[in-house]
Amino acid sequence: MGSSGASGNLEGEMEVDAFRRLFPLRFHERHLLESIRPDARPLERARESTVALGAVASADGSAMAKIGHTTMLAAIKMEVMTPSSESPDEGCVAIDFHMPPICSPFVRPGRPAEVAPVIAKQLSDAITSSGMINLKELSLTTGKAAWMAYLDVYCLDADGALFDAALLSAVAAFSHLQIPAVSINEDGRVVTMSREDGDGKLANDPVIKERRKLTLNCILFSLTCILHKKYILADPTAEEESVMETHVTVVLDSSSRLVSLYKPGGPVLAYASAVQDCIALTRHRVKELQKILNEAISDMEVD
Amino acid sequence: MEIDRPDGRTQNQLRPLACSRNILNRAHGSARWSQGDTIVLAAVYGPKAGTKKNENPEKASIEVIWKPKTGQVGKAEKEYELILRRTLQSICVLTINPNTTTSVTLQVVNDDGSLLPCAINAACAALVDAGIPLKHLAVAICCSLTGSGSVVLDPSKLEEQKMEAFMYLVFPNSVHSVLPEGSLHVDGEPMEHGIITSVTHGVMSVDDYLHCLERGHAASARISDFLRRSLQSQALGNPSKAA
Amino acid sequence: MLSGFNVILSTISFSIETEEAESLKQQVSFTTTTIPTALLFSGIPFEKACQLRVKGEGGLSAATAGTMVGLSLGEKHFIRGGIAQDLRTDGRKRLTYRPISVETGVIPQANGSARVRMGTTDVIASVKAELGKPDLLQSDKGRVIINVDCSPTAAPIFEGRGGEELSTELSVALQRCLLGSKSGTGAGINRSSLMVVEGKLCWDLYIDGLVVSSDGNLLDALGAAIKAALSNTGIPKVHVATAASADEQPEVDISDEEFLQFDTSGIPVIVTLTKVGRHYIVDATSEEESQMSSAISVSVNRNGHICGLTKRGGAGLDPSVILDMISVSKHVSEQLMNKLDSEISAAEADETES
Amino acid sequence: MDGKPLTSPASFIDQMVVPGDVVLDLSSMANQTIKLGGGLRQDSDAISVMKAGKLKFSRPNKYWVESSQKRYVPCVEDTVLGVVVDSKADNFLVDIKGPALAFLPVLAFEGGTRRNIPKFEVGSLLYVRVVKASAGMNPELSCTDASGKAAEFGILKDGYMFETSTGVSRMLLSSPTCPVLEALGKKLSFEIAVGLNGRVWVNAGSTSMIILVANAIMSSESLSGTKQKIMVENLLRRFQ
Amino acid sequence: MAGKAASVPSTYSPSPTQKKKPTIFKDVDWVRPDGRGFHQCRPAFLRTSAVNAASGSAYVEFGNTKVIVSVFGPRESKKAMLYSDVGRLNCNVSYTTFATPIRGQGSDHKEFSSMLHKALEGAIILETFPKTTVDVFALVLECGGSDLPVVISCASLALADAGIMMYDLVTAVSVSCLGKNLVIDPISEEESFQDGSLMITCLPSRNEVTQLTLTGEWSTPKIHEAMELCLDACSKLGEIMRSCLKEAVSISKE
C-alpha cells in the first residue's frame, strides 16, 4: 500500500501481468471500481461449482467437490468401535482435513499447513453442532458395538474458499454414504456380508444390519466473503484472499438457521449491515448448492 | 424472562474483571486477565528482528503461542492461535516496525468458560504494556443463547455446556475523541459496533445472532471502560479490579 | 506446432564425428535419439535439445561417493582407461573380487553375528531372535526385519543424517534380495521355519547390518555378512505347554542349551555389477563407484535362479545390456558362493577352536 | 501558531489516553504546523493514539504520548546506552534494546579517521547518540554530538549498568531533577549516565554505594515524588 | 468431536467372514478377477493440468489405482544448500488415509519416494535449472495395485506438463508372476498372492531402462519374457501419454 504513490508514474507503461504482481491491491481495487473481478465475475457471484459422488471406490461414501479450481475429495470409511459408557447407543464421527503437498506451492512434505487443523476443527464443529447426523443411527448393538465414521477430506487444489469446498464435499460424502451390511459372529466381532453370501448366513448370525443410507437431519452449506472497504466479494480465489485479508464465512443449514458466522480478525470491521449482506448472499448460495447436490444425487441414482 | 444462573448473576451481568500488567520480569509486556475463575496470562516479546518465511517482510508479523493448562496442543489450540493472531494483527499498526516479529504467548491459568475472549483481552492488555503500536484496543465477550432464545453474557464453563449456542465477539474499544459526535460512524453505526472477530458455536436463527450482537455491544462498552480505567491507573503492577 | 514434429526430426543431422568427439566417447554421449518431450510444449529453442549430457552424474551412490572421493580429471581418466583395458587401479581384473575375510560370532549377545571385510570395506551383521505374535494375514510365518545403519565413522558424509538415505536404500535392497515376494517364493530365509505355534507364536528375526568402514560395494558385503551371520545363528528350542485354549497365548519354555541350527542353504549371494564406460566390474571401490553410470545388484541362489534385482544409478540402460549383466553376474555368483562358503566354514572352525 | 493549545485537545493534554483515542482534529486547526512524537499517528484529518500513556504537549507545537516500556524503539537524537556485540570492518554492532542491532560507524568519533579507529571489546558499554532511525533499516549511532565534538559520548568504564523501563530513564532525565536523584545527590557523590532506552549506568567510590543508588532508582518507578524521597531516606539510613 | 476420537477405543474394519482362497491363481487356466487377459493392461485414463496451483500436474487412473502428481518449480531450494550447477529433484509420495482397504495403512512410503526419484532423474535434463529445485509430489488417492509404476508414469506426465526439459517421457509397468503365469499390470489382489514381481521404468523412445526391480525367484528365460512384456507395454503407454499431451496442447491452442 505504501508503494501506491510510486506506482503512479510506472503503471502507465507496465504490462497487466507485471502490474498485477507488483501492485496487487491496486490491481484489484481498479476492478472493484468497475464492479467486476479479475476472473470476470460480478462481486457477489460464486465460481462455478460441481459435485461428483462416489469418487473413491474403496470408501463407504465419497464425493469430489470443485468450486472454481479449488478441489476437495472427501471419503468416509466406516469402522466398528466399542461405544463409550456415557453414550452406549451412539456412534461417532471423526473428521480430519488434510492439505497434501500437491495442493499448493506453500505446503511442503513433513510440514503440515497451518490452516489444515483449523479447517478440520471448523468442519467438525459445524457438522457436530448442527446435529446433521443422528449419532444414534450409527449404533449397532447398545454398549457393544457402534460405527465410527472416519471422514477424511483432502484438498487436491487450493484456490481460495477452502472451507466452503471442504464442507460441500463432506456433506456430499455423507449423503452418498452407504452403511455396509454387517452381522455379528460368534466371537462378538462385526463382520461384513457380501451380497451373495448374505442369504446363506441369515440363520447363523444373530444380529444383522442391512445396507442402508444415513438420514441427514439437515444439510449445511457455506459461503466465504471478503470484506474490503465497502465491497463484499463472494467466494474469493486464493489471490483475492491473500490481497484482501478480511474474510467472513457464513454457514447456514437447509432451514436458513445460522450454524456458524466466522470472522477471524482482519483489518475491516464488519457492521451489522455487512453481516446481513453476507448472510443474504449465503442464503442465495445455499439454493445454488442445494440444486447442484440434488442433481449429483439424482445422477447417481440413475446410474 | 429471568434466567437463574448458578452463581446468581443476572443475564447481563459479567463476572468480576481483574487485570494486572507488567507482572513478568523478562517479558517486554505482560498482563494477567481474569473474568471470574477464568484466568489467562499473556506475555509479549519483541518486536524482534526478522519475519518468518512466507510472511510479508514489509509488515510487522505477529506470532501467537497458546499454552493450554494441561495436555498437549491439539486442533482447538491451533484454532485459538490462528484466531488470536488474525485478531491481534487487525488491531496492530503493522507498518511501523516492518520486518519484525512480535510474539505473544498465552498461558491458560484456569478455564471456567469464555476462555478465548479472556485470552484476547489479556493479549490486548499485554500488547499495550509492551508499547506495541495499536490502531485501537480490542475487547472480547462471550454471549450465549439459551434454548428459549434469551441471551446470557459471559457464561461460565458449566453454563457454556448447557447453552444451545454461544459466540465469541470482539469489538474495538469505545474511544474518546475530539471529533464531533458521529464523525467516526460507519453506515450510521459507531466504530465500536464493528465486529473484529466473530466465532460461533451451535445453531441459532439469524435474528438471535443480531440480538446477541447488540447485547455484545453493550457489554463490550463496559469491558472497554474497565480496560481504559485499568490502563490509566498510573501505578503499574497494581492490579485493578471491577465488579 | 505438433504437426511439425516429424519434420523437425528428419531435418536434424549431427556432424560431430571428429576425433575430438571420439575421445570423449567414454564419458559423453549425445542425446540424438529423441527430442525432449517437454520441448514440444514449452517452446524452448531447439538447440537446447542437442546439448551434451554427461553420464555418470546420476545415482545416489555415485553422487555421494563422488563428493567423498573428489578425483581429478586425470585420475578419472586413469580409472576408466584401466577398466577398459581390464586392469584396475589395484591390479585386479574386471571380474575379480578383493580378498574376502569372514569372522563369525563377533557379537556374543546376538543369536548370530558375522563380520565381513572386502578390502577396506568392513561390515558387521547381527541376528537376534525374539518370540512374537505373527501377523493376522500371514499366520503361518515369522517376521524378518532387516535394518542397516551407516556408522558416521565409515565415511564423513554419513555424519548427522547423511547416511539415512543410503541406509534406507540398502535396507530395501536387502529385503528385496533376501525375503522374496509376498507369497514367499524366492525367499532366502524360510519364514515358515520360524513358526512355533501357528497363529500364536513365532520367532521374529531382527537382522541388523552396520557399515563400519565404507569403500564401495556395501550391498554385496552386507549380503555376505548376513549370510554368514545366519549360518552362525542358533535359535533356542521352544517347548510349548499343551492344552492352551483357543484364544489364549500358549505358555512356553525356552531352552538354554538346545539350539536349532538355522538353515542357510537357500540364502543367495548378492553380486553388484557396476557399469563404468562400456564395461562392468564387480566389487567396485568407492573411487570406481564414483565413475559409474549405473549398477545392477543381483541376488542369485545356489540353483542359479535370480531371487532379487535392484538397479542403482539414474542413468538408463539398454535392455539387452541388462540381460547381459544378469548372465555375467550369475556366472560370477557361483565363484563367490563357493568362496564365501569356504570362508564361513573356516571362520566357524576358528570360532569353535578358540 | 500562537502556541495556545486549542480548546478541544486541551481536554486530553496531560491526561491518560489509550490506543484509538482521537486527540486532534486537523480539519479544525487549518494553517497550523504540528509535530507528532511517539505514540501518535495521523489518519487523514484525525490524530489518533497508538500507545497507552499520558498525552504531552510542548510549546509551540509538539505532541507526544509519554509511556514506559521495557523495549526501546530507536528515535533520532535519543541518547542511549549500547553494548558492543560485534565489530566489523566499517561498523561496530551495538545492542541498544531495539528490535534490530544498531550500527556505529568506526569513523563516527571526534576526529575519526581510518588510522585511529578505536578498539572496543565485545561487551563494552557505550554512551551514544542515535543519528538515523528509519523503518526497515538498522539504526545508526554516533559517538559525537551534532557539532562533531566528542562531548560526553564514548565508552563507560567501571561502574554498574542495569536495565529499567524507558519511563524511569525519562524520569531521571527530566528537569527539574527528579526527587530520587535530588535526595541521593544531597548525601552521596556518584556518576550516572542515563540512556533513553532504559539503561542506566552508575559509578561511585564504593561498591555498596553503587548498589544503593541502583536500588533506589530501580524501586523509584511507580512511586510518587514524596514517596521516592522517603524511600531514599530509608535506604540511606540503613547504609550509614 | 475430532478431539474425542483420540480417546476412543481402537476401531477395526469389519472384514468379510471367510478368507479368499489364493489357490485359484495357481490353477492352470484361471481368469483374472477383473476378467482381463494375462497380457492386457487395465483401461487407463490420463489427464494433464489437474491441479491449477501447481506448475504442472497430471491425474492418472489405471482401473482403481488413482494417482495425482503435482510438479512445483523450478524454484528456490528449500534448504540453503551448497552451490550446485545442476538442478535438484525432490520427490515425495504419500497416500490418502482411504487409499487402502483398511484405513490408514499406506501413509509412509519412504522407499517409494526414493524409487520415484531414481526413476525420474535419468530422464530430466537437470542442467537446465541450476541452483534450483523441482519438486514432484504424488498423492495416491486410491490404490488398486501397481501403485508405483502408475505414480512414475503420472509424474513424468506432470513434468512434461510443467515444461521441465526431459530427454524422454518415463513410463513404468510391472508384471507379477503367479504360478507359471506372468500377468501384466497386476491389481492389489493379484499382488498380494504373487510369487514374484518385476517392475521396469524406461524411456520408451530411447529404449533405455532407468529402473528395474525384481523380487521372487526367477529363471533367466522368465526374466527375459517378463522384460519383453514390460518394455512392449511401456512403449505403448508412452504412445498414449504422448497423445494425451498433444491433445492438451491442441485444446489450449483453440
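Letters A, B, C, D and E name the chains as they come in the text, with residue numbers starting at 1 for each one.
We adopt the following convention: a residue touches a chain if its C-beta (ideal position, glycine included) is under 8 Å from a C-beta of that chain, and two chains touch if they have at least 3 such contacts.
Just so we're clear, the structure is a prediction, and the values are computed from it rather than from any experiment.
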Chain hops separating subunit E from subunit A, counting only touching neighbours: 1
Touching subunit C and also subunit E, the following chains: none
What chain is most central when centres are computed from CA atoms? A
Roughly how far is subunit A from subunit B, centre to centre by C-alpha average, rounded to an integer in Å? 29
Computed distance of Cα centres, subunit D from subunit C, in Å: 70
Taking each chain's centre as its mean C-alpha position, how far apart are subunit B and subunit E in Å? 51
Taking each chain's centre as its mean C-alpha position, how far apart are subunit A and subunit D in Å? 54
Where subunit A touches two or more other chains, by residue: 120-121, 124
Where subunit E touches two or more other chains, by residue: 2
Touching residues (chain side subunit B, partner subunit A) in the complex: 54, 58, 74-76, 78-79, 82-83, 85-90, 95, 165, 167, 170, 172, 186-187, 189, 191, 193-206, 208-210, 213
Where on subunit E does subunit C make contact in their complex? 22, 86, 110-111, 114, 118, 120-123, 125, 127-128, 159-169, 177, 191-198, 202-203, 205-220, 223-224, 227, 231, 242, 245-246, 249-250, 253
Subunit A residues within the subunit B interface of the complex: 1-2, 106, 114-115, 117-118, 120-122, 124-125, 129-131, 245-246, 248, 253, 256-267, 269-276, 279
Note: in the complex, subunit B contacts subunit D through residues 27-29, 46-49, 58, 91, 93, 95-100, 128-131, 133-137, 172-173, 175-179, 184, 227-228, 231-232, 234-238
Contacts from subunit A onto subunit E in the complex sit at residues 56-59, 62, 69, 71, 73, 75, 77, 79-82, 84, 92-96, 98, 100-105, 108-109, 120-121, 124, 127-128, 148, 150, 152, 154, 156-159, 180, 182, 185, 189-194, 197, 201, 238
